[in-house]
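Letters A, B, C and D mark the chains as written, and numbering starts fresh at 1 in each.
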């Protein structure tokens, strides 16, 4: 988190949550065996985003954890879900204690050379399938 | 639009669209007869946002128009829809020629003094009802 | 100005002034007859920036005017000065009534193809010389 | 660093360096024994900033280190210098191997209650004096 992420209300601006989620996705994507290498990583575009704000988040020096997982894998797209939360101090595995926001995004592989969407390769699908978890509704 | 709104792909970063939408909303909100005056304006919080990206948008010197309208008014919330688009050069009133993104947000009036959501006043509902239009699906 | 330019103190974040100044420069640069055309415009890099904050600036719906002028032209660089201010309501030509910040930047033409700085062309120097004004100290 | 810190040139936008420097300062300031406690921390305003860009910086997953030190302490202000750099891989203590930018800022303690600048307290001066180092010119 950055001090300047806060808005005039003194808490993290709601748009900034999408930047946080983008960072979590970038971090996750660097481990994916993209067909075509690093260039292909750049070719995964966001087709849709949705976010639900549950609690205000204030600036602090400790990072805020974000969980990312895959909720669907299609022929030429996949869907991610994100949860911006603080860890449960009681170590209850079922749910984080404080959830600030949940978000989801529809991701589409895009071939910038050919200027059109492309299908997911088998290795990409296999990797994504490993992180497949149910959608969480809050 | 600002030059720095572009990301490393050379087009407007997808998160930045939510900032554009926020600006359109801020502009609209200054005309609403909020119960409680200007302070109340500050107390309309975003509970949910969703956005669908249809085309990449490049930086340019001319502003990009955004239409905003109300799609639902409830007892203690209302829903807005936004369309980021270029005007139809043929002046076809039915649809803009180029739509970059459509977005929606669920807005909740919040009483910061009492620290809880509040119901919409009649004057607020009446004003919002004047801008009520159907949801557009793209 | 954007609502999100404000920080937790409720006024425009000091870093954001550099973005305002960048916008003023981008606007000015589109009128320069750059050697090499539009691509050359992209090749003017900021080598140094300096800014002095004189008064806090609050978000508002009206834009904040920025004056830009040239204070020096060298063989392979030039210097710009900026003043972020409100117009003098009394139309006193000598000074704007309220100055929020003054800034300056050292600009260097850079040939991205050859990956090295380049000298200013005569037409560029001539254009810049037309906007030459003394440095203002505040 | 965030992916969105990059601009259309594919490297970190020059304005963003000031945000990096702000973060380094915020991190440093939380350890200062401010007269008046945490509220006083909020009351240290930036009066002037200057930055010199030495090399382009590209996005990466590892953080970029920033050194911060005090170069002057006055009655009612102090000056900080910053160096955005990569560590020297040869462990040469004299100088970092790659310096992206050097910056400085003039900081002024401000009493928001009384709405005027204030003098530095003795404990503040003593703390700042411990981090006093010469200005580095690059």
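To be clear about the criterion, a residue touches a chain if its C-beta (ideal position, glycine included) is under 8 Å from a C-beta of that chain, and two chains touch if they have at least 3 such contacts.
Predicted model, so just to flag it, every value in this text is computed and none were measured.
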Copies chain B and chain C touch via same or different residues, half shared test: same
CA centroid of chain A to CA centroid of chain B, Å: 23
Chain A and chain D, separation of their C-alpha mean positions in angstrom: 31
Whole-Å separation of chain centres (CA-atom averages), chain B against chain D: 37
Sites on chain D at which at least two other chains make contact: 3-4, 15, 19, 22
Graph class of chain-chain contacts, one of line, ring, star, complete, other: complete
Residues of chain D touching chain A in the complex: 2-4, 19, 22-23, 26-27, 30, 61
Of all residues in chain B, those that touch chain D in their complex: 3-4, 6-8, 10, 13, 15, 59
Touching residues (chain side chain D, partner chain C) in the complex: 9, 14-15, 18-19, 22, 42, 45-53
